[in-house]
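The two complexes that follow have subunit A in common; it is paired with subunit B in the first and with subunit C in the second.
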Partner chain A sequence: MADTKYSWPASHQAQLIGKRVDRLDGLVKSTGAAKYTYDLNLDKQLIVRALGCPFAHCRVVSVDTSEAEKVPGVVVVHLINAPKEDGPVEIQAQGTLIAAVAAETEAAAAEACAKLKVAYEELDVFVDDHDLAAAEAAKRTKAAGGGIELDEALGEPGDDDDESEWEDKMIQRLLVESKYVVEGRYGIDAITHCCLEPHGSTLQWEGNKLKVHLSTQNVSQCDDGFAAALGITADEVDVHCDYIGGGFGSKFQPNYWGIAAAEIAKKAGRPVKFMLTREQELQIAGNRPSGYIDVKLGADENGVVKVWDSHHWGTSGFNGSTVSVGTVPYVYKPKNIRRRATGVVTNNEPSVAWRAPNHPQACLLTQTAYDDLAAKMQADSFDIFLRNLENIDTPEKASVYAEEMRIAAELIQWRKYWHPHGKGHKRGSVVDGLGIGIHKWGGTANTSSCLLRIHPDGGVESYCGTQDLGTGTRTVCAMVVAETLGLPVDAVKVNIGSSTYPFSGASGGSTTVGAVSESHRRAAQDAIAQIFEKVAAKLDVPADQLEAIGGKIQAKGYGDKAMPWKQACSLIGIRPLEVTSNYQRGTASPLSNEGVAGVQMAHVAVDTDTGEVKIKRMVAVQDIGLIINRKTAESQVYGAMIMSIAAAIFEQRINDPKTGAFLNSELDAYRLPRLGDTGELVVHFHEPESERSRGVIGLGEPPAISGIAAISNAVCNATGVRVPTVPMTPKRVLDALRAAKANA
Partner chain B sequence: MSEPTTDQFSRRAFFKGSGAVAAATMVSSEVAGQDVAASPNATRLIKGMTLKVNGKQYTIENVEARTTLLDVLRLRLNLTGAKPVSMDGSSGASTVLIDGRPAMASTTLAASVVGKEITTIEGLPANDAVPHAFVADDAQQCGFCTPGFVMAVRAFLNRHPEATDEQLRSGLNGNICRCGTYANIIRAAVSIVKGEQNG
Partner chain C sequence: MNNFEYAQPQTIPEAIELLATADNNAVVLAGGTDVIGLMKRFVVNPDRVVNIAEIPELQRITTDDTGNTWIGAAVHLDQVLDSRSMNAFPAIKQTIQGISSIQLQCQGTLVGELLRRPNCWYFRNGHGLLADSGRMVVHGDNRFHAILGNRGAAKFVNPSRLAPALISLGAKVRIAGPTADDERIIDLEALYRTPRSDREMENVLEPGQLVTHVMVPRDAGHLSAAYEVRHGEGPDAPLAAAAVSMSVVRGVVRGAKVVLGQVAPTPWIAAGAANAMLGLPLSEELAARAGMESTAGAMPLSQNEYKIQLAQVAVKRAILRAAGLDTGDIPSCMASAELI
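Then we have the complex of A and B:
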């Protein structure tokens, strides 16, 4: 069937779509009744704890389990990264799991872990990701791409010219000829996902069948992951996840500790619960690459950047990658670019996807330099960011950015509070500043199938192998079906979170609301079309003249020709009406789309005596196409802004430079913002009909990108001094202020 | 067996025992697991421990003296609202009320609260305004921190029923949310103070 038969109701006709609806599982969560993977207690379950490697780089020479096995309550001691016949195992990140113990109690498992005797041979450690020279000297770098793009107007190299020499000369010439040149070094440290529910599983074997409760953002595909590792087929694995305590891109796989849990359960012949400890969660269960940049840009007399010349580096752990070279410069794309990226190999666990992979770092590395251009010109940052929209990598979005900037400026009262960089009025030791950042994201709908079952008694249930990361997926599913069938939202029983349901893609990259909106709208429209056919004959109204609204099927515009929902469903027959509809990622559809802009602004206060940065107010203006649930959509943006505050001011992975030890892998030392640290947050959806008519576009990533740059720029506007690296801890702020004073 | 008190146990030894990763000693080529938490006191079995939880008396058989209140609640009583997020109590996710005052179940030994009134989130009355306000203001996303926050808000409002926005912003800093629901938690708490919730 052609996709053109699917559509969304117009905004004035929608009963639920775009409204503020309480999340269906809200009370279950806020009363503590929701059962997460960590909460499930299976009959006769064992608790598993694992020993993590204390060294950031070493060889495991031997593991002696004899003392551990003697601890009362211990049932299984299981080796994970232990030497085999072919020799010692090399460990490249602190916390890598060596062996695990399953015991009757958590304390016994932990005690037995502590009694594992492991012989290690220490190896050289490198963790200085911010220090490129040191990394090069230690031979810890890997080329990560780059190249030159020049404006065609510059012409071609002559026949006698070496092409790359000529291009380099052009970049140099453009910089020399620029009215304004900014040269800077900026950086953003690595952070961890730090899911509050650590990675893990509670699982059991039933004969040859594995039943897994997994804390995952990918129920529909983790069965394959378990099956492949365990040498069985995916039909023998059921993966369930009703609730997940945070994922942020780190929970797409069973992970090796999930596989170990299955192996231990098999050995013990009992269910096991294997959740990582907090320390392990931070050390090995997900981190975001760091990024540092040396950049030189040249602009004309209007502050329009004409040439960009950068080399950035950073670490994604021991696999030695960095922020993708193609994302720098970010959104802004001058006509002449030379860029290069270098990965730094450090003794840390390899990075995994982190909400909007590459974008937050690329945005910070780019837009701090643009703001320093405004500072150098003593120009208004707003004007510089606006003027440079003439050179962006999504030129079709220039007018959207301009409009969103205008709205954001009004909401944060930019004209009232802005002052040239460093020229604000100081109250005691405190000075305010404003900053801006802009971003982009795709947000296409993922592949998704929905089985919709309508019973002859009027009951409605849906089945879909998606999951709720916290974005309110259940509620979105129910709203879409209820809207289509003309029912209240609680009339739809939504079933998600199981690999036994029809396939739906992983929740990552802002693809879930689009995915389930596609599959559920299609299934419901297909089903209601069948019901319309049956009702048409009874009401003597053509099927295409019927509508489902207010619990009735009625003739459009004739309220008197109507049939209540239950009666209409009785026409289905004795068996339920079942419809399975599917959306395939990448298919053009009137229901969903991809590609958004977005602007964030921050108003901060900086105490120049203590170095403390406080958020006064932050504004996010975001286009997302058609909004399904306004309430949960807003929540997602608030959350993304708070994550930006975290990365801008608070959180960082701190490795001991000598031993590589992750020094702050507990929550007392791994600083995250608290409730009192977030100031006033304002969310505005930019949704003119031109955006709404595009259909659903994912929202998870875009608002988590440019807030960091906006806050850095606001601090620079306040103090007149760039704090080069985020998070802008008090020490870094004070160091930057002192350095500026010394240079003055 | 007489009811033990916290003083008989070394909390320090206990926490070393519950950490899965033994602290690394440097340079040595062999790191043996440290001799932790195996003192006779820590592993001593308390045959019948009676706890009063949510108004109900529970007698729990064979509880090792080193067991936290959080483990007893979650693993023995299946009351899983309080969450294990940080064993040092820095996340507030395991907040319960002990004799009406907020405490972290993750840093409280079960043996130390015998004879006290323990209230977990499961013990809040069904019409308690806090969970309902959290729903109305969507003060939750993944929801893993939510029970701890609900209990923290309940405890704070019990002591400061007319708390201002400012007091709430400084009084609820013992809890961490990773999804970033703070903006709506403040709204929920303020709405309760204003009596906008029916409960």
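Then we have the complex of A and C:
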């Protein structure tokens, strides 16, 4: 069946694809019946708690475990970052795990951790990522790339010219010749992933075989990590994850605490559960780098940006990287660009992938400056964003952006509510405003295999080593198989979340819905083709004239020539029909694609007396190829918009300037939006046939990008003042308003 | 958390005995919304935990012969919110509604809320109430810290959200212990103090003492309201807060009590704000002037000057709200853009 042509049903023929289907696991999740890694308790299990380093930068000189070992109930004390023969261990971020204790109860483990006597030698701490000059003075910076791109029309340097001097001169000249110049500093603070279910595992050894329940977004590939660290082979590790309470890019690895859990279980000869505490989750289990920029842009009389000149910096922690230089400027790409990036080395845990790595920061750093151009011109931001579509890095998407902007503007009633920046009606101390942001993403399908088993009695089960991050992957698998076989969704028993199932790639980079749609559609089409062959003979209809629909196999267009599903399956024989089909990432396919645009707009109210920012309405317009489950797709976008609200108004990692301590690493101090803070969220999928026919494209990242810039721009439109750095806390809003007043 | 003795007395004398004999290291457990978290973080490490939630006498809201309302220490916030006896005190109801977590409302108790430990992140991260005699705060991140009453070592702010409302209404507390016969009733504001050394707490309770009741005096026909400047709709601490109780006769202010919250190590009675209004017709301008007066003597730290304005706005808006006037802010619930 190698030549089977894979395809999706046309929209008017689809029974399930594109419809709104409830999550298969919605009920068990909402009732608490679903067991997350944190919920699992194995027979005779020990609980592990770890001691995190209280200092942001120090050496661990010695660890005395004697008092900890005396705590009743303690079974194993396990050193993680303790000095070895070659001397003390340097710790570069607060919370780094020093040692762990496995005990009969969590309380005993925690008490023993508190009784570990660790000798530290404190070292100099640096955490100020905002102030580039301070970082340079402290020798805490690293060059992170840059370069110049000039319009060919400017010609070439002369033979006597130094090339880089000539290029610098060109940038200067272009800025001088620009009708409008905007010079600004913008910023976006570091935030953490803040997974509701902390990182961790519940695991046990069975002889030489390790069985791990891991809170992971990478079920199929974490066995490698365990095996490599533990000196066994990947076949000796089984990883399971039925449900996961948040990953956002931070749960691809076993992590060193996962390895420690396996080592402790081995020492104890008993199962262990090792989940990070909330504080440790925020301190060490994932953060998104900060970004700050000094930018100068020059535009012509129409507000089309002709030259961009920027230097940005930020911190990804002690490895000292920053927002990727190639992502700035973002989406918009004027013909003349000079850009430079500098990483700031701070005493924080290195960042890990955060939903759309680099993009939210790059978008904010770029599109605030574009909006300030509109403010300077007292022009409509919509028009400026629209006109600048003539210079974007994905020119083939210009018409998609234009159409999406038009739709978004209608949904947010742009024409009705728009006013020039700072010129709106004030009611009491409250002003309102509109803002816009645009984004892009790839979203290619990851590699995925699906084993589909159809039983002679009509039963259908699928196996795939993917995972459901909470986005509805399980339901998507069922829908795709059910659509293909002409069955209801609940007729398909979906099995995912185990590394013993056929390989499926990590859920990262918006690659999962494409991956599982590919593998499940392929497997189901391969299987149904075999069943069609058998039914064809019985019904005397050519196999290629059959269709599976409504629980029957029937001749296309002839309902009288039909065979119920169960009867058709009885033709399989006495053993089940098993098909394993595979999709390799990067292979051109009629089922999936990559590359999307997307527009978001925000309507906000700002209380100029208190600095409070409230979302009134937010609109997301997103092209996403073919939609499998409209309901979970919308949920995905709602979640992304709420994360944007969080980053724009609430979330930030706050380091103590002296000690480097992460001051708000508990949820009582780490501010997040609540439902009352989200305003009205409107999701619109832009899905003309030209988009739908492209096939499935990932949706995880794109809607989590431009909302932050849109909200910042809306606050600027409301107040006439740019709050330069997000989150726009009341303090920052008031500080910006006061500074503007002082300058006026 | 460390191991501890757990006791669940059935009477107030039993509770006092258990607290008094614990060698100065017992804590009271009622709703547990604060103390449990502090114990888990080893910030509070009691040898004995005395759960007063099951003492029947503390579970009731009663009205005495003179019309005063007595609220027991185990009464949950949602019971206070729903109590008819509170209908005359909008400041109390508004504040409980502002604690916009159903869990905190239903599990937290009124007295527990009044005695919540400070939210100062240096305290909660284990550096003690004064955090190196205030130095960690002065040189650290003090965006949420005190702007008033902060000249000593204490830089934290009193975290109670209900204390300003109750103090403005003249509430008192009944303190029992350290022996079974000891009982005194003091003004709520006298419960709080600014600690000067690490040996002192942020309240005047001695070991073995228990706040058993809060008394809200009979409704004197005063207007009251509270206003909190909040960063979002969640249960996070407000940035500044104010409550006001005032008598207004034919449009003229004849008496007023203005109390600020979240700005000083204790609830802050702004006498100047009240005096500024006496004998004058109530107006938006007067409310604004009272707000300006309320922060007299403020000494902002390096990062919290903005809180002066927030406190002033909170006072102004509490007064306007008490008077039934428009506060001019963002409606707290905006279902759609049409609402503004």
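The rule is simple: the second predicted complex is superposed on the first by the 740 of 744 C-alpha atoms of A that agree within 3 Å, B and C clash if a C-alpha of one lies under 4 Å from a C-alpha of the other, contacts with A are read in each partner's own complex, and residues count from 1 in each chain.
Here is the rule we go by: a residue touches a chain if its C-beta (ideal position, glycine included) is under 8 Å from a C-beta of that chain, and two chains touch if they have at least 3 such contacts.
Just so it is clear, the structure is predicted and the values come from calculations on it, not from any experiment.
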Worksheet item: Just subunit B (first), just subunit C (second), both, or neither: which does A:271 touch?
Response: neither
Worksheet item: For A:110, is the partner it touches subunit B (first), subunit C (second), both, or none of the two (neither)?
Response: both
Worksheet item: Touching A:291 in the superposition: subunit B (first), subunit C (second), both, neither?
Response: neither
Worksheet item: If you stack the two complexes on chain A, which partner ends up touching A:672: first (subunit B), second (subunit C), both, or neither?
Response: both
Practice prompt. Have a look at where A:465 lands relative to subunit B and subunit C in the superposition and call it first, second, both or neither.
Written response: neither
Practice prompt. Would you sort A:68 into first (subunit B), second (subunit C), both or neither based on which partner it touches?
Written response: first
Discussion item. Touch test for A:607: subunit B only (first), subunit C only (second), both, or neither?
Written reply: second
Worksheet item: Is it subunit B or subunit C that touches the larger share of residues in subunit A?
Response: B
Discussion item. Under the stated touch criterion, which partner chain does A:660 make contact with: subunit B (first), subunit C (second), both, or neither?
Written reply: neither
Practice prompt. For A:35, decide between first (touching subunit B), second (touching subunit C), both and neither.
Written response: first
Worksheet, complete the sentence: subunit A residues contacting subunit B in one complex and subunit C in the other 107, 110-111, 114, 279, 659, 661, 666, 668, 672-676
Worksheet entry | Partner subunit A, residues of subunit C touching it in the complex | 1-3, 37, 40-42, 100, 119, 121-122, 124-125, 136, 139-141, 143, 229-234, 236, 239, 303-304, 306, 309-310, 313, 326-330, 332-337, 339-340
Response to the item:
subunit A contacts subunit C in the complex at 107, 110-111, 114, 279, 412-413, 417, 427-430, 432, 603, 605, 607, 609-612, 614, 616-617, 649-650, 654-659, 661, 663-664, 666, 668-669, 671-677, 679-680, 729-731, 734-735
Discussion item. Quick check: in the complex, which residue numbers of subunit B touch subunit A?
Written reply: 16-24, 26-27, 29-38, 43, 64, 66-67, 71, 74-75, 78, 80-88, 90-91, 93, 120-122, 124, 130-132, 134-136, 138-147, 150, 168-170, 172-186
Worksheet item: In their shared complex, at which residues does subunit A touch subunit B?
Response: 22-23, 25-27, 29-36, 38-39, 41, 47, 49-52, 54-55, 61, 67-68, 72, 95, 105-107, 109-111, 113-122, 194-197, 243-248, 275, 277-280, 469-471, 631-632, 634-636, 638-643, 646, 659, 661, 666-668, 672-676, 678, 681
